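Per-chain numbering from 1; labels A, B, C and D assigned in written order.
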Amino acid sequence: MADLAAVKAALSAQRIETPSWGYGNSGTRFRVFPQQGVPRDPFEKLADAAAVHAATGVAPLVSLHIPWDRVPDFGKLAAHAESLGVRIGAINSNTFQDEDYRIGSVCHPDPAVRRKATDHLLECVDVMDATGSRDLKLWFADGTNYPGQDDIVGRQDRLAEALSEVYARLGEHQRMVLEYKLFEPAFYTTDVPDWGTSYAHCLKLGPKAKVVVDTGHHAPGTNIEFIVAFLLREGKLGAFDFNSRFYADDDLMAGAADPFQLFRILHEVAKNGGLDPAHGVAFMLDQCHNIEAKIPAIIRSVMNVQEATAKALLVDLDALRAAQSAGDVLGANAVLMDAYNTDVRPLLAEVREEMGLSPDPLAAYRASGYADQILADRVGGTQAGWGA
Amino acid sequence: MADLAAVKAALSAQRIETPSWGYGNSGTRFRVFPQQGVPRDPFEKLADAAAVHAATGVAPLVSLHIPWDRVPDFGKLAAHAESLGVRIGAINSNTFQDEDYRIGSVCHPDPAVRRKATDHLLECVDVMDATGSRDLKLWFADGTNYPGQDDIVGRQDRLAEALSEVYARLGEHQRMVLEYKLFEPAFYTTDVPDWGTSYAHCLKLGPKAKVVVDTGHHAPGTNIEFIVAFLLREGKLGAFDFNSRFYADDDLMAGAADPFQLFRILHEVAKNGGLDPAHGVAFMLDQCHNIEAKIPAIIRSVMNVQEATAKALLVDLDALRAAQSAGDVLGANAVLMDAYNTDVRPLLAEVREEMGLSPDPLAAYRASGYADQILADRVGGTQAGWGA
Amino acid sequence: MADLAAVKAALSAQRIETPSWGYGNSGTRFRVFPQQGVPRDPFEKLADAAAVHAATGVAPLVSLHIPWDRVPDFGKLAAHAESLGVRIGAINSNTFQDEDYRIGSVCHPDPAVRRKATDHLLECVDVMDATGSRDLKLWFADGTNYPGQDDIVGRQDRLAEALSEVYARLGEHQRMVLEYKLFEPAFYTTDVPDWGTSYAHCLKLGPKAKVVVDTGHHAPGTNIEFIVAFLLREGKLGAFDFNSRFYADDDLMAGAADPFQLFRILHEVAKNGGLDPAHGVAFMLDQCHNIEAKIPAIIRSVMNVQEATAKALLVDLDALRAAQSAGDVLGANAVLMDAYNTDVRPLLAEVREEMGLSPDPLAAYRASGYADQILADRVGGTQAGWGA
Amino acid sequence: MADLAAVKAALSAQRIETPSWGYGNSGTRFRVFPQQGVPRDPFEKLADAAAVHAATGVAPLVSLHIPWDRVPDFGKLAAHAESLGVRIGAINSNTFQDEDYRIGSVCHPDPAVRRKATDHLLECVDVMDATGSRDLKLWFADGTNYPGQDDIVGRQDRLAEALSEVYARLGEHQRMVLEYKLFEPAFYTTDVPDWGTSYAHCLKLGPKAKVVVDTGHHAPGTNIEFIVAFLLREGKLGAFDFNSRFYADDDLMAGAADPFQLFRILHEVAKNGGLDPAHGVAFMLDQCHNIEAKIPAIIRSVMNVQEATAKALLVDLDALRAAQSAGDVLGANAVLMDAYNTDVRPLLAEVREEMGLSPDPLAAYRASGYADQILADRVGGTQAGWGA
């Protein structure tokens, strides 16, 4: 049986990072439906993140996205975060929205565009220096739409060159985490389409380069927990971007589409040491709340990750190993399912109360009056979204 | 052997309809890259469509999208089209961009929103009356993102009610064609997700309701030509929206991603009478030219559909039937592949010359100077896109 | 809140049918691993099914597969079933294993093969007469492997003809339920590939023809509960073949791969009246236990269906409808998830005890000594499998 | 423009390896349909392969599968091959058909089973010594069907250990090529599911370990030519297993399902030096001819690979690079499509005639009388299949 005190300790120690852009407007190519009370600048985004942390107690880190969150003085932004009880997490680069990036950024055939893109990545490391962030999170929209459009191998060469230059710029305690994605916005080739490509580049770069697993970035049928286990075995799992999907990169709330998959992923994490902070795995959300209220959706997502983690921690590993060693297919599966079928909400309520929090984060958020306050306060100005 | 004169006659008689929105800007949720020379209003879109028709000789019809192409006087727009040598084709409704449609239009739980959406559909029939269009093309973005969000059956009831009301409004020679789509922008349920759903509604509505097959709207592995053959057998194939895809609804140029699939589809069309205008199948493009020049991309797409059609017409149906009846698997497949492996570009060059056209539509377009002219003329103003 | 007495009543009234072939050997194209104690004839299969029913109390029906379960006297087999406390359920036809069926059965280009296949279907109705079965369950392996191999429309015509003849032979209280499957064993076209095709044929045949939903027979990303809801709305859902899958038609234990999906399916069933016996929906298992012990795997599967059903019955429908009507996306989703996140195992243990059963069916099975008994008894002879 | 003499030289120099098991019976889990004239032993399989080589002139190598092709004296088998004008190619291991391998072979939890499996791999190297084969081709069916069934990381450790031991046994000019496969026969995890896993193991093993790309072993939507290009860039592409698929690992004739994909793959091969024998890429077929005549199907597959190669060689690389460098999306795509749309059958007919062959391999095979001869000769005995 899992040791309940250890389970609770692990749950109260877990940290889930929320993305600044999750608080802003987002949508599909068909329409971005704006919502009332949405932040207008990075400071207001941090305030929303602080509201999530106040309700859940496990979300003190906030990822920034440059240039969406560019401010004149990042030291001041970091200090503002601290004043709200949160901290700046990963710095996310953006090389997909400038006019120059129509057919690529660091993989573009034109060296001038590559220079510009690489300079942006270096600028992001400057931001890390200013904010004390550990991780530079890289996702490249680079790819092609039509067969023949560009040279696959040539683009890998250009990618490797840019990554090398940025890697060399990293400080001693800084890391580069490289995300992969099957498709979108490129539809024929993507320059980092799968974990193998990211892993191969990270391996050559060195120990400060690690792979990011975004749970929505795989082909149908891909076994994500296998990838997670494999990367943990190799010491190359840098971070998660949690969200959920039924079809493609739907970016729904984590745990909403396939809670059993989220549990299986966290089972591999827990069993293979990934919950230990020393392992350096960052647990981030990366989602779009296109039609639902954003702050409650993020709180719910944090809770979903916690519930999956709690179930993972409840797996009776001794019994599991015994059944596995004996080749007892049904017995081993039953051990796992016993944990999954447990209702962990009471346990998490207890953990929260022991942390001095409300047992019900959503109720606590509603009771806080924050939602009404931002509706009242945030009148006028330009709402934040993917463009700003 | 196929009769070459008949093949040529069929090729010169084929009509491919282009979409007004294909000439405007489009993109992904990550970025719309604007292009120079893009039309600023429906009149300029028609001019671009006329340039495509001038080069290809087979694209005299242009689909409109309401409200993107709303003008004060549709009769005037239709007359303008005629003056350019083209005609207004299908009228496409849009019930996905208004603020009210965040969680649905004709399937929305709120009757007031449904009323508004249905009124828009009725307005589209008014536009048909004014423009002489035959087809009301309906695509609904309606659906849900989260399990439980709304009632699947209740939404079907609401859909059926709206369709009925609009069907009753159709004139004697007007039709309603109903498109289906697996997902996007809705990510959990879509209210018309597959051909079966569209077919079932059309069957209840009556003979003026037919199914639209958009080649990018299926789950991976779906055999689209089977659906096409089945609908032709039932007399329920109303139209195609051609485009191509590697992953989801990528909306690439028709024939670019899987030219063999396009050939197989047109083989079923040709074999089952679908090229006969009496059958009423509309051959439309529905694409996004996010990174490539738009008019040349549309010309290329028209040519790709023509090439697939030419190959389909070259299939030796007598030999095919003989091999099929004999259970000769390899022989029957070889008959089909013989046609596919034929280079039909010389044949199409001949057909074009016999139609008084340049054998090379792209060269003809380049030679026309149109591209330079629109760059020079279309300065200032607001470029057309999915929002306008 | 759901009414607990009604929930319990529904759970104790639910009937899950198990397949005779699930007790025999099965495997993949790479290998069938035989297991010890496997039945050698239909009588022994019924005995195993009776052991499942003894442990669970809700599995009194057993589907047969002809010719695998062909016996000289079906009346005697039915009587034997009764003596064991079970009954014969659906009769499954098999038109895919005879040498003649290499390129098809009822869709074969050769009328002699079609005659033979149709005669087999008629023979199955004879078996139904002899056994008192209500349902003729039809799954056709028919299809093609290569483009051009046969005529898609011609095959539909032949299919329709065979179905018509068999439909006409059905008795007053007999039904025909028609299964669809995306692919396998045919790899290019399948003659009944999706629910739309099955639905269209059933509609033409008449009220005694209904659709079977096998949960493993869909393209990736297909929303199965949408199909279930749609068919219930149309009165055309005849039966389920439950199993689970990660990739294709994996035929794993129901609920093993995606328990949340199974819950969502049963939520649509429960909400739309499908649990009411008057609706006539048959709840069948159709699985392969290639590497795990068969009887315990079937017991586990029955329990998984029960757990999903219990959660579905616990959904607070009043709260759900209120949130749905209000357009409260997160609230409506939360109502559904509350039920899903409940641990229903204690409730089901109670239901079983109230039915006079052990609260733990697997423990009861182990305690019964049946597993040891069949190991000891079933020595020699030829084990049953897909070939016999 | 491509240099025609060089194109012809490359086409006549290409070698395509055929699999011994392709000449035997195969099928799906539903049924193996035996065919007349099928070989009864490895000697007869070699004779069939020699008939393919006689007709095509480019298929002198034959892969063996141990134990299906186990003979008392492999030197004698190799000499027999030489006498027929062919040679033994890769040696394929089989660790999926013995009773002991129900839940794994080299990844099995029981060390005794792992020992047995590893010993089999070592035996295969002995066979390589005896036959002069260069490549040990490893495909492992290892995996699990149910979550929790076994430890993902533990299985990787066991896999690595077995591979290391076998790698150490390789002679100076021998290689190990490691295949990956998404799923089947395992349905939850597969121990080598993707190219990344194979690549990571090969990297650790050393330069004699390379990746095998089987074109049917990917998730839907995977861009195979990207993987091919990536592996060529890394010097880690060892071999192809060509076949084609619409859904899963359908094992249809190469080029039958998506000829454009096969062309794109061979374009990457050609452009990146992979056709140069010094690069060591083996071009193998791995297919199942379940319903069609086997030898003609293999001839057709060889021809399909040749046609795709010819088109790839015709790509005007100078024009392609110019368009790519200029960011001319449509122009670069058009260069590629020009080659693809060319009918290369006349060119290949010429190449064959210059090689002293019939321009039409299928006609040559029919004219040879071989098909009738084997029907007459191969009466009685046990036909070869996947079991032998």
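Operating definition for what follows: contacts are C-beta pairs under 8 Å (C-beta built on N, C-alpha and C of every residue); 3 or more make two chains touch, one makes a residue touch a chain.
The structure displayed is predicted, hence computed values, not measured ones.
**Q** Counting hops between chains that touch, how far apart are chain A and chain C?
**A** 1
**Q** Counting C-beta pairs in contact, does B-D beat A-B or the other way around?
**A** A-B
**Q** Starting from the mean Cα coordinates of chain A and chain B, work out the distance between those two points in Å.
**A** 38
**Q** Indicate the whole-number Å distance between the mean C-alpha point of chain B and the mean C-alpha point of chain D.
**A** The answer is 40 Å.
**Q** For chain C, which residues are shared contacts with two or more other chains?
**A** Only 103, 145-147, 182-183, 188, 220-221, 223, 246-247, 256, 260, 291-292, 329-330, 333-334 qualify.
**Q** Using the touch rule from the top, collect the residues of chain B that touch chain C in their complex.
**A** These residues of chain B touch chain C: 103, 108-110, 145-154, 156-157, 182-183, 188-190, 193-197, 199-200, 203, 218-223, 225-227, 229-230, 232-234, 260, 264, 268, 271-272, 320-321, 323-327, 329-330, 332-337.
**Q** Of all residues in chain C, which touch chain A in the complex?
**A** Contacts found on chain C: 220-221, 223, 246-247, 256, 258-260, 291-293, 296-297, 300, 307, 329-330, 333-334, 340-343, 345.
**Q** Looking at the complex, which residues from chain C come into contact with chain D?
**A** Per the stated touch rule, the residues are 26-31, 33, 96-97, 99, 101-103, 141, 145-147, 182-185, 187-188, 220, 245-248, 250, 252-253, 256-257, 290-292, 386.
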